[in-house]
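In what follows, chain A forms one complex with chain B and a second complex with chain C.
Presenting the complex of A and B:
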């Protein structure tokens, strides 16, 4: 899987254009050195051969060096990954906690005002394009700053002063809006799925059995309904991680955050094949890892699933 | 006769649907006496399950609603209790066994835990070790082999019959004085049915609980019940002790039910079904709900205009039927009128 998909993307990115093309604009750059460059970086070889060179680089040189800057990719990638993990991790936690809580309440109080309110909110979240929501939030907080001169949240970057990779109030003020953007969209998804899963379980026979035992309603919900309803949510969460990483590309670009998405879109624009490939390989690995975690969680939540 | 343990009067249960109000149970009254087994029979949709589920507050509300009636249990009207008070009865004094053991146990919790939960809910101060001991005893009582190791099994590791045994164990966990079994054998194979019925019998003797047995299987009624209620379209059409009902039925519907069963001792080419379909409970036929399918009615005006009340008939002691012309059935024997009803199952 991993080999096939990386080869395919490698071929496509390589064929998209020649990363040397900007150099030709420089009149002092000779055709000779231009050709030599191609040879040094194996740009004159065929795609399968170049792919093979890349695979060797991945294992021997930690994903190799950038084609444009000749800098090692790995340190760059770990730096941006740290930032993205902060943003996505926080967004995911907020979305999951709120989504599950709202999903439970909506299902228990089906067709109540609360339920209708959050149904509307969720559909708004579904319908809203990420970039537009991001821009709206930016405008809102820029306006607040301009009108009242209060700085609640920053609208771009990661830190106001010197960059540091630790948690701080300043960092939180910076990532609050991108986190909110990603969280709102995932929240919409989780709360709807949780509600539907809860309702499915509530109408089953074994919930009637639990009630017939005389269990208090909150125990019926938390002990019997909740655990069964969580099973589909695990799938959705694992699947949605890809969506979040994709959403990060847009969000990080809008908020100028030095994260994976921003890194990817910049390098793609420069046709820096190796950097793009490094991003894709790492992303693919993360998604595969989380699907594995989801599968393991299944076995824990649902005793009918066993791995032998 | 002793005082009834459960006494239901004029119970009306309705369900609001998009097509109109479904009158699932329409003014039924009955008593259950200590230690007896009362069978409620009728076809699907006759209101037999709803009539018992509703008194425990176990029908989905909305759309369901108990419109009127009383259900006196140990001096309290179950229908007027607060949710909390009603809950303290459920699973303790009054326990239920449900139809489909495949879906009635929570798939992600261990059998032992689910049984223990029934005890813990009502006796939270019981130490866990004692609850476990009791659960294992219960599993042994209902005939689950190796109850010690089965305690830690999940429902999917049990067969259908074993699950129903576990359900029965759950029902009797707190030695209820009233046990309601809602079609306990319907979802099982015939051989397993027989075993589960044996377990039910044992359990009844052991706990001496009054039992309401809801079923559409007359064979089970003949085997287990002391008295029978026959329900049709949300009303009781006939009630009496089991021998009377089988020997001297006084309602055309009851006769129809019995005639539609095969009998082992006779060589029959065809079964004799009741003609027509069960009525819609939204637009019930006026008068006697059974009149469009009745062999006795034959277009008589009274059947179409007047709802027959449940009245004493001369078939036997405490024998009631809701038919204007019940007397015409004197001497009309069902297939099972003769000597005993033993060969039914």
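Presenting the complex of A and C:
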């Protein structure tokens, strides 16, 4: 299955175009050089042969070397993955904490002003295109800077005036806006799922029984309702997190974050097949890993689920 | 109890993962760890540590930060991998100088050479006595050895070298001189003259040669294909430069830090220039407004730059660059409509297109004063430019009259709501129009041209192509009727057009062939007298203007935006862009 899927992906990416094409725009670039490049990088070979070269490279050179630069791909991938983890990790923690809290409260206080307010906020979060929200946040904080000369957040990159190898205020100021963009969108998702799951559980018989036996309301909500309502949230979080770690392409591009998504879109644009394949392999592994984590968490959350 | 332990363990793991990832940015090889053959400079973050974060602080420290759209594949930009404009802008142009440089008028001037005299036999360079290399704080003179190393690695004789172009260097027979006088001899041509496989004789664009020298002493024994992937440095990772700045640091995905080279003959007025990679042009604009950067280096021209025209404290300007924006008309076998082989049809198409209206719509106030280009070999900002194509300026009535002579069924007069199209010799006047789909400027141009030609009875069928296939699968294969793209000339010299317009030229994708024009172009390639050479190119251009194989649209503007308080910044039509005089940049006191 793995061989089949990687072969298909390799074939599709390879057939998408010729990585040498940008060189043709230079009239001083000779046909000889063009042909020599094809031979050097096996671009003149058939797709199955090229795929075989790629497989060899994967095992001998840790996911291979870039078709364009001949540089190792693995160091690039680990670098961009590190940056993506920082942004996605923070955004997801914020979105989960707020989303779960708001979801619980909205369910407990169903049809209250609070519930209506956050339902509206959630729909707004869902409806806003990422690029638009990102640009809006940039303009907002630049305008604040221009009006009051106060630098709250930066609009691009990972750092400016301080070393980036440790957590610092400068790093936080730089990643705050991409984190906010992703958190707002994920918050909308989690709060809606949490509310719906809570409402499902609240109306079940065993909750009525728990209340009837005189348990305090907070205990009913936190011990009986919340825990059971967490199962769908775990599923959606695992899928969302796995997908986002593969790269928030739009967010990383708009904020110039040197992350997985930006790496992918750049390499795809250059038709650097080996780099794209390496990215896809790593992303697939991340998604499988997070699905596995979700499965393990099911067992923890629901005692009825046990693995032999 | 166990649940709490699980939760705590999970939270701790999450914190660990995020904290560990925070160190990821510094995982590039350092000078100390640089292995022979792949030297590297120190990480950008480390060098960037002391960079002031406000404009006022940068002013005080004689520092400036500029935004650049693209990260680089490496600094050795003569290689195929790394033949990117970005590599030049963020370090190469500032660190590696040569015999000549190009000024804001787009013309060559002596740089590290005190004098340079070329004739039919060769060139003699006399280098400045104060032309030196900076090598990790030490001074080493620039000598003929650097010319020899540069020539040997770029002339194509070392087959393993993956160089993008050998043009000019492959016409040199020898380079001699180990001191400050360098003698270059051209290859002697056989009786039949130069051929594609045997370039020889005088190279007309000789001033472009040795524009960026390699430090021979620092690179001896290293694999030319593997040098300078992360730095411009010697084998030990020490920065090397003979220009006004050296590359102190580079980190992939983030940027470069350039420091003043104290040994450059005209010391820079700033101590440091940093380039930060900001991929999105809207974000560049916001970073500029918010004072995160002091300038934008060659941003992609678009209406999104418009806010910078009115941003206080920002100077926005554009100069016509050496970009030949044009329409190619296909003569070859893959053209779907043979009507394009008829000169009257090509002339009618050109007269049916209001090029000034396109310029006004696409660029508006961002490029005031930009006029249609009327030459296929010279740019309007160059002295030898003659507007041969002006005779086909927009004139819908004339275009219609021409079509009426050869075709039937079209409109009686130009009409924007026209729905009747010409049929000529049994062929409908319908043509595919191709461009890079993701390019909004060209998409607008197509829409305008489609509407303009519709009004005179010529039907345009939009055939946008994805960026990754447009050139390799369509343009270079001649698979189009009309194609909108640009040729980029590094220095504006017409020599590159020989491959494009001559019969059987390597880049003659439109399959146009005029023996007379080809001969003139071939002759000009080895013409030593600039006046005679310009006359030959103009004669060829005149022949092409009569045939209209291409429709010049305009000289694409090169935008530039920077803080008004930063003085000495001057735009440049060549690819060297505003970096050509970076040593003159300084903050207003």
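As a working rule, the second predicted complex is superposed on the first by the 289 of 308 C-alpha atoms of A that agree within 3 Å, B and C clash if a C-alpha of one lies under 4 Å from a C-alpha of the other, contacts with A are read in each partner's own complex, and residues count from 1 in each chain.
Basically, a residue touches a chain if its C-beta (ideal position, glycine included) is under 8 Å from a C-beta of that chain, and two chains touch if they have at least 3 such contacts.
Keep in mind the model is a prediction, meaning the values are calculated, not measured.
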| item | value |
| --- | --- |
| Touched partner set for A:213, first chain B, second chain C, both or neither | first |
| Partner chain in contact with A:171 - chain B first, chain C second, else both or neither | second |
| Which of chain B and chain C A:303 touches, first, second, both or neither | first |
| Touched partner set for A:60, first chain B, second chain C, both or neither | neither |
| First, second, both or neither for A:205, with chain B first and chain C second | first |
| Which of chain B and chain C A:253 touches, first, second, both or neither | second |
| Which superposed partner A:46 touches (first chain B, second chain C, both, neither) | neither |
| Per-residue touch tally on chain A - higher for chain B or for chain C | C |
| Common interface positions of chain A, toward chain B and toward chain C | none |
| Residues of chain A that touch chain C when the two form their complex | 16-18, 20-31, 33, 36-37, 40, 66, 68-71, 75-76, 78-83, 85-86, 89-90, 93, 135, 138-139, 141-142, 145-146, 151, 154-167, 170-171, 253-256, 258, 262, 266, 269, 271, 300 |
| Residues on chain B engaged by chain A in the complex (per definition of touch) | 56, 58, 60, 83, 87-92, 95-96, 98-100, 103-110, 117-118, 121-122, 154, 156, 167, 170 |
| Chain C residues within the chain A interface of the complex | 3, 6, 14, 17-28, 45-46, 48-54, 67, 71, 73-74, 80-83, 162-167, 225-226, 229, 252-255, 276-280, 282-284, 286-287, 289-292, 466-473, 475-476, 485, 487-488, 496-497, 499-500, 506-507 |
| Complex contact set, residues of chain A against chain B | 203-206, 208-217, 219, 223-224, 227-228, 301-304 |
